[in-house]
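What follows is a pair of complexes built around chain A, which joins chain B in one and chain C in the other.
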Partner chain A sequence: MTTLAGHANAPRGSIPARPSILQQMWTSRADYLYVLPAIVVMLIVIAYPIYYTIELSFFKTPPGLQLRDKIFVGADNYTAILSSEVFWRVTINTVIWTLASTLIAFVLGYGAALALHRDFAGRAVLRAILIIPWVISAVAASYIWKWMYHSDFGIIGQVLVQFGFTDRQPNFIDNVHTVLPSLIVVNIWREFPFAMIMIMAGLQTVPEQLLRAARVDGASTWQRFWHVTFPHLRGVSTVTILLLAVANFNSFIIPWIMTGGGPSNASHIWITHIYELAFGRQRWGVAAAYSVLLFVILMALGYFYVRALSGNEKEQGA
Partner chain B sequence: MTSTSDTATPRSRKGVDGWRWTGRIFLTIMILYTALPMVWMLLTSIKSGFAAMQFPPQWWPTEPTLASYRKLLDPQNSVGQDFLRFFWNSLFVSFVTTVLAVVVAVPAAYAFSRFRFPGRKFLFFAVLLRNMFPAVIFLVPLFILMRVLGLVNTHGSLILTYLTFGLPLAIWLLKGFYDNIPIQLEQAARIDGATRFQAFLLIVTPLSVPGIIATAIYSFIGAWNEYIYAATFLTKNEQLTLPVGIQRFFSENTTDFPGLMAASFIMSVPVVVLFLVLQKYFVRALTEGAVKH
Partner chain C sequence: MAEVVLQHVMKYYGSMAAVNDVNFTVNHGEFVALVGPSGCGKTTTLNLIAGLLPMSGGDIKIGDRIVNDLDPKDRDIAMVFQNYALYPNKTVFQNLAFPLQMRKLPKDEINRKVQEAAKVLDITHLLERKPRELSGGQQQRVALGRALVRDPAVFLMDEPLSNLDAKLRVQMRSEIKRFHQDLNATIVYVTHDQLEAVTMADKMAVMNGGLLQQYDTPAQVFANPVNMFVASFIGSPAMSLVPLDVATVDGKTVLTSAEGWNLPLSDANARKVAGASSRKVVLGARHSTIKLHKSQVAGSVPSKVYTVEPTGDITFVQAFLSGAIVNISLPPTASVAPDEMVWLEFDQERIHLFDGETEMALRAA
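Then we have the complex of A and B:
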């Protein structure tokens, strides 16, 4: 390959030609060794699954048959999805879940980071306590909250009854109207610490001198935040919101363990629905088509994701 | 905020106090929101099954008991045997994943930070994009792949899979870290006769230890808490990891809430301790790596 590229450049003679891409690749061949392990693992575990999913989405897999006895059905799986009522229900749930979880977790995390930024006795302890929910397993978190929401002995309902807010023990996660907000509360409980850590890290990069100068100039606390701190944190905030949004869009454990998507699909989001279609009802083709649609949405999100992350890189280079 | 202080202190002082109180109240609410569920988990775990299901509730257990913990940690009875095996499986899978993640991520992050080879940008984003795709998409094809590789029902299938979702952020964190290590250090070493690999191994790697620790914590916690792949790839009871093992066990014993809370607590202890001990590295790595530009 390289010799070919070398010959192609040779006749140009004295003109100092820009080395071809293949030459560049050859001269930096040793560099690839450093990334090779990562790339090989990625190729095995990403490229093949993506190819396989796209292929499977055009096939029908009759239940009771082996997966390899699939039947080609063209785009039928896609039209079936887009015309089904459940699809729209699940999509609305996913949008509510992703937006509410992301925004509230971000705002709470941002606030906690600001409140913890000032030095005071016991600050490290408070910070540690606030981070714990993010560290423990989502399975454990789901069980803790499921127990607190329990329809007979759940502590939250019992407190509400004891203090006279309701007559009967409310049924948080078996009720189509309250189930999604109840699960979002759990999700935020697990996620706001991530936003808090990111913003705390960002706060350390805000130059002290600027804040002091603003104070000397008579800027109020709010003005110092709005004109100095907030603009400085814009980059971190974008990255944090995107990471949260992607994670929420992809969440699975909390709805799956706590409700399994029920009652009557009220807490199904895309991922749990795909999982149930594939592993619960063996409709692999439809599940694969769902996954492809998900790819498309994620790629759109990914465009912003990469832009936000590479924004950091460009500034580094400058 | 009283009228007496209004005349005594400058106006800005009043504003500061107002915000400080807002911050305190907000922090108090957040601490309650964060800690009460964990406190309730602990309180429930030291109750008897009967005491846990009463109305009005026993706020504080009248007869605290460690029976649930004893049952889970006793190698003599079958529950304890299973639980301890799940615990060991989780520990093994998480540990191997962590070691491999560091070994793979360190050279990759270094290359992304230092070298200018064609496709470098593309490769970097390919790595980052992996973070975006949900596990469910990869489940079926990976299951088939693992069957081809002969890894179904082995812990190897989990380790290989966990590596890939831990790697993107690990590489990203470490790359930011390497970006901040002055390249002159390596150049000096090169002049003194070190090869590029020696400079990397002996000069740069020791300096990036905090980043490596952060990467390791991240991989370990991710592997320890992972549920969906473990639930799909492993079918034999003796191989299950903790999250799946607990879920299987308590879908059969649906009313043993003290036991479930005790199991949740024990499952949380290793990662919480690990994180609390090493958290300063993690926050520092985020500061130096991901955030600063």
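Then we have the complex of A and C:
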């Protein structure tokens, strides 16, 4: 027995030196081979377009010219963008669009999730109905809402007139002051079910025993929410808000189909503006420069997203 | 502190009775264990006492109040949960203070009470930590502390030790027992571990299938189980139960086996089996009351060894007897081998006899 024990202890004393990184790569060369096709595809469809966009952002592409005859202009595209009035208009629109859509959709979704978490008759039906906006096509939804907002035949205007809120049908999406809020309403309608589903999933993980403990401790319904449920949902809330923010920042379908950015740029956000510059006016260089700026901003959001995710893991892992 | 009275307590889920007409009284300062296998209704009973579930029928009294319609917070109870249920985003101090804040006590009083409870449970040095920075035993102590600060009439504990490892469980078991003695607290304690119940409780309520099987002191439950379920549930290893038939040989009552042997009964035991509803009787015996012989002696029955399990100071032997398995404990010096033929001798004073049909213990008429 003693010799056996001595033997078992022997390897502990002589740990071999750590192999260098090249040696490690060589020993797992087969693994690299397996992921090589995926890496090649990624380089072709992601890395190259990113590179090409950055390159293009330093060139001028007059509409009459072939793209390969582009003219190098240095940072002119960037200075032109940053000094243009439209840029600031579109940026403010984008900020309003992103913040308002994200926060209101999140709060509505949160509320709906809490309401649906309680057991009542017809809950499953109501849940299915509330998810509809999220599952129907954004294009279809845009056309439906366009009709509902229509200045002559729109049902919303008619209802407002009938109930005496206004004398004549308001012109929701042809008016520079009301167009952005009107589109934001559509966007919130479309994406609050996403927040609802995320929060509903989070609610399922709230430990029942904690809620019971709080009840025994004398906490009211509101106090149980504030002291148990709300802190428990912090992680999923952060992730939901970030995902919504990124999606809204990248929105295209609703504003493009409903207004195309108009009237007079009042509903242009970054993506629709970039699309119009590139494919409408063939100003590839300026559009590329816009894209690079957008890329930098989204990378920053992505950084926070990853940090929020790993922060959660740390909290739950410890 | 106060007594807890359950009268005809019922809880239905659909048509299934999870708790079926349960009656018992927990006296002031008593430690009562609700014990039984999973799904026996013990936790449901505890939740009914706590008011976390609505009752389907009956009355629950805490102190001199009927609490049927009172909220948990108004029942003057505190509860300790299986996985501690500490608020993960609050420090230990905030966890202990929470029930007092909900009661809107003044700040300095909260502070004083938390410090007192922390001192009793020896967790003062942990007050600024978050629950996830604590070990299982420390979390359990904080959970006890959160119950303690309330100074409740009754402590309700729902399997508080089952998440701890074996060693810590034994240690916390004595701590909770100490806690009970020092505070003279009234405790209702749910556990599926009969050993916990036997070692800690003043009285135990053995439950199965929603029904209260037996409510008595651990010693009584151990010595006089009312039916086969209680007999097989309490005690480790379990009481051996051997189904046999009653017969009369030469004017004497015997238990007879299909294996062809007879076990003569003492007069007292013969009177017990006379009250059985049929000729089918189950013989029960605890491992320590059975003697194992290498050769036949008067009144012994033949058996074949199945396994031998030395545990250090006791060697447990399992042997086949009339189709059932019998546990026998022997001193570690005994030498028995699997498949060996042995003879078992039962102590007539200490065997249990159960009605083969009703499974109830047979008592002398």
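The working rule: the second predicted complex is superposed on the first by the 279 of 318 C-alpha atoms of A that agree within 3 Å, B and C clash if a C-alpha of one lies under 4 Å from a C-alpha of the other, contacts with A are read in each partner's own complex, and residues count from 1 in each chain.
One rule holds for everything that comes next: a residue touches a chain if its C-beta (ideal position, glycine included) is under 8 Å from a C-beta of that chain, and two chains touch if they have at least 3 such contacts.
A quick note: this is a predicted structure, and the numbers were derived from the prediction, not measured.
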Chain C versus chain B on the shared chain A, clash or fit after superposition: fit
Partner chain(s) touched by A:Arg307 [first = chain B, second = chain C, both, neither]: neither
Partner chain(s) touched by A:Gln209 [first = chain B, second = chain C, both, neither]: second
Partner chain in contact with A:Arg281 - chain B first, chain C second, else both or neither: neither
First (chain B), second (chain C), both or neither touched by A:Val228: second
Chain B versus chain C as contact partner of A:Asp217, first or second or both or neither: second
Partner touching more residues of chain A, whether chain B or chain C: B
Smallest distance from any CA atom of chain C to any CA atom of chain B, in Å, after fitting: 7
Contacts on chain A seen with chain B and repeated with chain C across the two complexes: 218, 315
Complex contact set, residues of chain C against chain A: 47, 50, 52, 71-73, 77-79, 81-83, 85, 87-90, 98-99, 102-103, 132-133, 146, 150
Touching residues (chain side chain A, partner chain B) in the complex: 21, 24-25, 28, 31-35, 37-39, 41-42, 44-46, 48-50, 52-53, 56, 67, 108, 111-112, 114-116, 118, 126, 128-133, 135-141, 143-145, 147-148, 150, 152-153, 155, 158, 162, 189, 192-193, 197-198, 200-202, 204-205, 218, 220-222, 235-236, 239, 243, 246, 249-250, 252-253, 257, 271, 274-275, 278-279, 284, 287-288, 291, 294-295, 298, 301-302, 305-306, 309-310, 312, 315-316
Footprint of chain C on chain A - complex, ascending: 207, 209-210, 212-219, 223, 227-228, 231-232, 315, 318
Residues on chain B engaged by chain A in the complex (per definition of touch): 12, 15-16, 19-20, 23-24, 26-27, 30-31, 33-35, 37-38, 40-41, 44, 52-57, 103-105, 107-108, 110-112, 115-119, 123, 125-142, 144-145, 160-161, 163-164, 167, 171-172, 176, 179, 221, 224-225, 227-228, 232, 242-243, 246-247, 250, 257, 260-261, 264-265, 267-268, 271-272, 275-276, 279, 282-283, 286-287, 290-293
